[in-house]
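What follows is a set of structures for review.
Heads up, the next two complexes both have subunit A, just with different partners, subunit B and then subunit C.
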Partner chain A sequence: MSAHPFVLTLLTALGDDEFVIGHRDSEWCAFAPMIEEDVAFASIAQDEMGHARLYYELAASLGGPSADELAFSRAPDAFRNAVLVERQNADWGYTVARHLAYDTYDDLLTGSLLDSSLHPLADIAALVRREERYHLEHQRIWARELAFGTDESRARIQVGLARTLAEAAGLFETLEWHREAKAEGLLPQLPEELLDPFVKAMGEIMTLFGMMTPPLSPEGGLGGRSGHHSEDLVTAAATWQEVYRLDPEATW
Partner chain B sequence: MTKDDVMRVLSKVTDPEIPVLPITDLGIVEEVRVEGDGVEVDLLLTFAGCPALGIIRKSVEGALAEAGAAEVKVTFRTSPAWSTERVSEAGREALKGFGIAPPTAGAVSCPYCGSADTHRESSFGPTLCRSVYYCEHCHNPFELMKPVVLQPRVP
Partner chain C sequence: MREAREEIYEVFAQSDRGEPHAHVGSLLARDADFALCLAKELFCRRGEAVSLWVVPRGSVSSTSLTDDELLGASERTYRLGEGYRVTVEKRRRLKEAHAS
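Right after this comes the complex of A and B.
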């Protein structure tokens, strides 16, 4: 018996954010500013993809396609991640700013999911939070380093933050399936209800590091939750799906 | 096979990333069920993306088959949540002997000289479960098994 479509959509979207940012993290391996960051971003990528697998496998156990099919055989417009997480890494300033924003959002989201009426989802949220704590801490350390580093590093994190907040609203886009999930208790809070705490948390971090708070544009970066993505996702998916598509029947 | 037999077999299966640490001391063996010559083992998920989990599954299946189990089913569970507080005292000693400081919420002591004059180089190390530290006293780099405990929500 299959769960309601909104349940599968919710779990898939939760996995998609983690999977896609995990792919972007993995792209830093061997290219980061220092070898410790090659290791750190490769580890963070592995964590995020592990989280995606948990959400995907829960969807699969409720009647959805397998985790491999979800990650490797869907067309880009079937992904439900926010546009923000699919953007190319650009420079280190943007990478840190975007990840800091994403981890701040994820902390609020998973904290809320601890109360989900879908108990396996609450269990996953608890597991994910134990690891995300290290991600958030890591990005805060880097944001501080860049903010108090050189004029150039400060300018880059500031520009990165402005670019991030211009599209961060996409994380909080709330659609009908979110409302259905909330009505059933699966989603204790709608994404839009997490927006104010997010803005407050980001503002506190920026004040701490003596940075200006760039505006969050309410219409920026929308569409990802309904499958409207940028070209960045199309090229990224072509990369991570290339091997699978060569021979979908292959066993490893 | 009895449950005790199964536990004895499992106490010889180690984490491939920390080969001195049996999975029983890692604290991931949650439940064992024996029915006839079939065995079911429930293990707890450690780090979600840990590539060692698949190897541990295969090791458990192989070791139990060798010990006479006709059918072995290994399941990874997300509940109850594993935490590093489940690592046994013997496991903590084994980690130290391997050059890894056991997980702690307090000051991190060097596994080589015991000094607490250490600092963290990076949260992220050669495996998902290890952070990189440096000992100011004996000047050795070492690793810490990353403490993971449940995180309450932001107030």
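Right after this comes the complex of A and C.
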């Protein structure tokens, strides 16, 4: 028996954010600012993809396509990730700023999912939170390093934060399937309800590091949750799906 | 601006509660927070440890390479208690004799 479409959409969207940011993280492999960070960031990439797999497999167990099919055979416009996570890495300042924002959002999201009426989803949230705590700490330490480093590093994290917050609203875009999921208790809080705590948490971090709080554009980065993506997702998906598409029937 | 320079931290990992922390490697970091945060991903990425220590290499006092004489130049095998193996074997034989 297949679950309601909104259940599958919700789980897929949760997985898509993790999968896509995990892909972007993996692109730093061999290019991170120092070798220690190279290994560390690749490890974080694997964590994010591992989280995506948990959400995808739960969707699959409720009647959706398999995790591999979700990740590797969907067209870009079938992805429900926020536009923010698909953006190219640009520089290390943007990468850290975006990840800090994403992890701050993810902390609020998974905290709220602990009360989901879909118990396997609450269990996943509990597991994911244990790792995300370290991710958030990792990004906070990097943000601090850049903020108190050189004039250039400070400028880069500041620009990265401005770019991030210009599109962060997309993480909180709330559609009909979110409301259906909330009505059924699957989603204890709507994404839009997490926006104020997010702005507060980000403001606190920035104050701590003596940075200006760039404005969050309420209309910025919307569309991802309904499949409207930038060209960045199209080129990224072409990369991560390239091998799978050569022979979708292959066994690994 | 921060003046702190990167330095080498030695990393110690505990594989399980109650086990000793053992040296697993080293890394470069600017402070202890950063070193711990990197150590977690570098030395625990497959869940190998339940606890980590980081220690600035400068805080470790060590014997010098030429001090190996201090650490045992003379014959010391008599300290190894190898002889007790015979005792164990004797006890086993005695037990067997009593049992039969």
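We adopt the following convention: the second predicted complex is superposed on the first by the 252 of 252 C-alpha atoms of A that agree within 3 Å, B and C clash if a C-alpha of one lies under 4 Å from a C-alpha of the other, contacts with A are read in each partner's own complex, and residues count from 1 in each chain.
Keep this in mind: a residue touches a chain if its C-beta (ideal position, glycine included) is under 8 Å from a C-beta of that chain, and two chains touch if they have at least 3 such contacts.
Just so we're clear, the structure is a prediction, and the values are computed from it rather than from any experiment.
**Student:** Quick check on the subunit A-based superposition: subunit B and subunit C, clash or fit?
**Tutor:** Here subunit B and subunit C cannot both sit on subunit A without a clash.
**Student:** For A:D107, is the partner it touches subunit B (first), subunit C (second), both, or none of the two (neither)?
**Tutor:** After superposition on chain A, A:D107 lies in contact with subunit B alone.
**Student:** Which partner does A:L195 contact after superposing on A: first (subunit B), second (subunit C), both, neither?
**Tutor:** A:L195 sits against neither subunit B nor subunit C.
**Student:** Just to be sure I read the superposition right, which of the two partners does A:M206 touch: subunit B = first, subunit C = second, or both, or neither?
**Tutor:** neither
**Student:** After the superposition on A, what does A:F148 contact: first (subunit B), second (subunit C), both or neither?
**Tutor:** second
**Student:** Using the superposition described at the top, determine whether subunit B or subunit C touches more residues of subunit A.
**Tutor:** After superposition, B is the partner touching more of subunit A.
**Student:** Contacts for A:E48 in the overlay, against subunit B (first) and subunit C (second): which applies, first, second, both or neither?
**Tutor:** Touch partner of A:E48: subunit B, not subunit C.
**Student:** Is A:A13 touching anything from subunit B or subunit C once the two structures are fitted on A? First, second, both or neither.
**Tutor:** So A:A13 meets neither subunit B nor subunit C here.
**Student:** May I ask you to decide whether A:P120 touches subunit B, subunit C, both, or neither, giving the answer as first, second, both or neither?
**Tutor:** first
**Student:** Subunit B has the stretches 25-33, 43-51, 61-69 or 115-123; which one runs into subunit C?
**Tutor:** It is 115-123; the other listed stretches have no clashes.
**Student:** Using the superposition on chain A as set up above, list the residues of subunit A that contact both subunit B and subunit C.
**Tutor:** Touching subunit B in the first complex and subunit C in the second, residues 36, 39-40, 43-44, 46, 134, 137-138 of subunit A appear in both lists.
**Student:** If you look only at subunit C, which of its residues touch subunit A in the complex?
**Tutor:** Touching subunit A from subunit C are residues 1-2, 27-30, 33-34, 37-38, 40-42, 45.
**Student:** Touching residues of subunit A toward subunit B in the complex: what are they?
**Tutor:** 36, 39-40, 43-44, 46-51, 53-54, 107-108, 111-112, 114, 119-120, 123-124, 126-134, 137-138, 197, 201
**Student:** Residue numbers of subunit B touching subunit A in their complex, please.
**Tutor:** 45, 47-51, 78-79, 81, 83, 121-126, 128, 132, 146, 148-154
**Student:** State the interface residues of subunit A toward subunit C in the complex, per the touch definition above.
**Tutor:** 34, 36-37, 39-41, 43-44, 46, 134, 137-138, 141, 145, 148-150
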